[in-house]
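What follows is subunit A paired twice: with subunit B in the first complex and subunit C in the second.
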Partner chain A sequence: MLRDAWLMAGKDLRLEWRSRVVLNQIAPLALLFLVLFAFGLDPDKGLLDKATPGLYWVAVLFCGLLAVQRSFALESTDGNRDALRMSGLEPGGIFLGKFSAIAAQLLALEALLLAGVAILYSARLDGFGLLALTCVVATAAIAAAGTLYGVLAAGLRVRETLLPLLLLPVLAPVLLGSTRAFEAALSGTTTDGWPWVGLIAIFALVYVGAGIAAFGSLMEET
Partner chain B sequence: MEPVIHLRSAVSLLGRFPALAGVDLDIDRGEIVLLQGPNGAGKTTLLRVCAGLVPVVSGTAVVLGHDLTVDRRSVRARIGLLAHATGLYDDLTVEDNIRFWARAVHAEEGTADAALGRLGLDGRLRSVPVSRLSAGQRRRASIAVFIVRRPELWLLDEPHAGLDRNARDQFDALVREGASRGATIVIASHETERAQGLADRSVTLVGGTVAPREEPHARAVGDGETFSNPTDVDPRPGPEALRAP
Partner chain C sequence: MTTPTEPRRSSIRPSDVVTDATSAPTPSAAAPSVRATSGSRTTRVLGIVLVPALALWAYLALLGSPADVNQGEVVRLLYVHVPIVVIAYAACVLSAVASAVWLWKRTQWWDLVAASAAEIATVMVAATLVVGSIYGKPTWGVFWTWDARLTATAMLMLLLLGYLAVRGIPASVEVRGRRSAIVAMLFIPNIVIVNQSVVWWRSLHQDPTLFRLSLSPSIEGLMLFTLVYSFAVGLLFFVWLLIHRFRVAYLQDQVDAVGLDLALEERREQGWDDGWAPGGAPS
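Coming up: the complex of A and B.
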């Protein structure tokens, strides 16, 4: 299964390297989110400071949604989904591969967004360990749930509109937990943030486990 | 000997529509069978059922010894389906695509290079993204992916579509080689004259069922090739076979 996951992740990352959709389209869009939020809240600097963690994670969620849609759009063209089903690759391996590729792209986007909030919002990135670990576990949760719901929506004609409708409510606890952890890190009270990181980690583990178990059936039935 | 494909009263639905409405069909190891019939007769659905991609809702469907009504997944790696869609990733190069699928099926080292050479994709074309290929070149690339899979059962849906005359002749030689090594081959084609030259017999589908009359053919034999349909050899062509002229 891990060999198949490595193969799938390599293929998806190579596809991104050749097409540069995340680099040339999603990354600029992520920065544009931050700029627009800053325009909207700039007259009230205090409000912008308070809202920075939430705005950051909303931007991450939208970028994650786009990355998931892109990942499954690749498999929906020209019979690629059938080719994958015929390949003999372990469904759990396909899940882990796509999950890993989405997570890697999302981590890069989060690093860019962190630099963005530091520059545009003048946020002081204190509690860096908490910030980094929150990013890692929240990314795992977003990528795992995104991969699971991505394959569910991928076989449907209305996938572009259905995926956000399915995925965003499921990710609400991740948004809540990661925002609270970031608030704790940015305000210098890191001890308040660790329980939220634990909560997101449990969420991520559940979705990774569910993905490995259910991905094959979802690929068949949708 | 157990047939490679054994269907009895097989029914398959596309939505609520019965695309296969009780198909009875047996195909033995090493046979080349031409599947013909008008548009909408169920040829593509029959191939997809045999590939384990589409479920059989009633009847019996056994392929390569696997009961498809129980488990459709485990047999797929032994089957090759050359369909209208190419299954290629547009943004990857021809070589990237073929290497990916070769690794996916644990193909031997050198199989991908041999397939690229065999399909005339080993020059400048190997590093060209698939999105920049012509329809015929895409088709050749999808055939290269097909042969690196080394399937025991070949399901070919309009395999000559998009190929020029030279490439069609090369493809026919590939089919004959596959059969000579014991692969079982089912060809759905409207190019009946060319396909009949390859096939042992033809089966006609009408309205999702097999028409009663089957037509045996004298399979055309290529230069210096013999087609004894041996059953005691590995039916999967190895890298050496792919390099053959």
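Coming up: the complex of A and C.
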């Protein structure tokens, strides 16, 4: 299963390296979100400083949605879905591969966004250990739930509209937890943040487990 | 002139298809012989019982029970709000259990129970939010507050809408059942996590009225009776709604199946008229 996952993740990341869709389209969009938030909330009134953790994670969530959509758009043309089904790869492995590729891209986007809020919102990135670990567990949670609902919506004509409706409410606890953890880290009270990291980790584990178990039967149907 | 396909042409008429489909041995323990109505003997009996029961509920809640010391007349909303919440929870639990059983047994019956319960749950959760907001305005002074239970309920509503969206995608019965059962299963951990994560926020919502640790309810007499009575009537009403909704869902599936058969038959006849017969031999 891990070998299949490795193959799958390698394929997706290679595709990204050659097409550069995430780099050329989603990454600029992530920065655009930051600028738009600044237009929406007047930066001079001090609102941006207070809202930085929330805005950061909302931006990550939207980028994650796009990354998931991109990951399954790759499989939608030229009968790739059938090819994948008949490839003999284990469904659990395919899930883990897609999950890892999305997570890797999302981590890169988060690093970019972190630099963005540090420069544009002049956020002081204290408690870096907590920030980094929150990013890792939240990315795992977003990628796991995203891959699972992504394959559910992938074969459908309504996928663009169905995926956000399914995925965003499900990711609400992740948004809540990671925002609280970031708030704790940025305000220098890191001890308040660790329980939230634990909560997100549980969420991520549940969804990785569910994904490995359910991916096969969700991929079969069209 | 008789050909091997001649009897086949006239063997399936629309009327045959309909009787075939309605008497098909599909698993339907609640609906052993489905006629084209959503009512059954059970629902008629339940309905007859429910009419005076609901009237008594309205009387007790609006006139019979006394006004509250603190809340005044507003307390009467409690007798609507709480039963609706109870129905919503019961429907959610039933939908989740039925989805789990479907994954194990794979029969149409459980699929339809899960779908019917989820639809009722959606309506009742929406009603919970509306009635709760109306109740919140005079008691808390606001229609909405980002309280733990309110937020969790709003998230539940959105998840249920997602479930219904998945349910509404055209697919074969098997695929639709698998897809929606998996989605329903995935929502359960999420509901638990949402509940736990928002519970750590400070809460405006009042503590449980009936089921307290000390086992001494904070209300008594006619008010207590009215509340418990409204639970009972509410659950009865839920059962009545559920049976109706289940039978509508069952009939809908039958209509879809019959429609497909008829369309196939029509095409076959068309092909026949054009000189094409199954197997490629022109007649």
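The definition used in the following text is that the second predicted complex is superposed on the first by the 218 of 222 C-alpha atoms of A that agree within 3 Å, B and C clash if a C-alpha of one lies under 4 Å from a C-alpha of the other, contacts with A are read in each partner's own complex, and residues count from 1 in each chain.
Just so it is clear, contacts are C-beta pairs under 8 Å (C-beta built on N, C-alpha and C of every residue); 3 or more make two chains touch, one makes a residue touch a chain.
All values reported here derive from a predicted model rather than from experimental measurement.
Novice: Can A:Leu156 be said to touch subunit B (first), subunit C (second), both, or neither?
Specialist: Once the two structures are laid over each other on A, A:Leu156 reaches subunit C alone.
Novice: Once the shared chain is lined up, is A:Ala111 touching subunit B (first), subunit C (second), both, or neither of them?
Specialist: Touch status of A:Ala111: no partner.
Novice: Is A:Arg18 touching the first partner subunit B, the second partner subunit C, both, or neither of them?
Specialist: first
Novice: In the superposed arrangement, which partner chain does A:Met86 touch: subunit B (first), subunit C (second), both, or neither?
Specialist: first
Novice: First (subunit B), second (subunit C), both or neither: which does A:Val206 touch?
Specialist: After superposing on A, A:Val206 lies in contact with subunit C but is clear of subunit B.
Novice: For A:Leu166, is the partner it touches subunit B (first), subunit C (second), both, or none of the two (neither)?
Specialist: second
Novice: Check whether A:Leu47 is in contact with subunit B, with subunit C, with both or with neither, and answer first, second, both or neither.
Specialist: A:Leu47 contacts neither subunit B nor subunit C.
Novice: Could you say whether A:Ile119 touches subunit B, subunit C, both of them, or neither, answering first, second, both or neither?
Specialist: neither
Novice: When the two structures are overlaid on chain A, which partner does A:Val35 contact: first (subunit B), second (subunit C), both, or neither?
Specialist: A:Val35: touches no partner chain.
Novice: Given the complex with subunit C, which residues does subunit A contribute to the contact?
Specialist: 148, 152, 156, 158, 162, 165-166, 169-170, 172-173, 176-177, 199, 202-203, 206-207, 210, 214, 217-218, 221-222
Novice: Of all residues in subunit A, which touch subunit B in the complex?
Specialist: Contact set of subunit A toward subunit B: 4, 7, 11, 14-15, 18-19, 74, 77-80, 82-83, 85-89, 216, 220.
Novice: State the interface residues of subunit B toward subunit A in the complex, per the touch definition above.
Specialist: Within the complex, subunit B touches subunit A at residues 51-53, 72-73, 76-77, 79-81, 83-93, 96, 100-101, 103-105, 129, 145.
Novice: Would you mind writing out the residues of subunit C in touch with subunit A in their complex?
Specialist: Contacts found on subunit C: 155, 158-159, 161-162, 165-166, 169, 171, 175, 178-179, 182-183, 185-187, 189-190, 193-194, 196-198.
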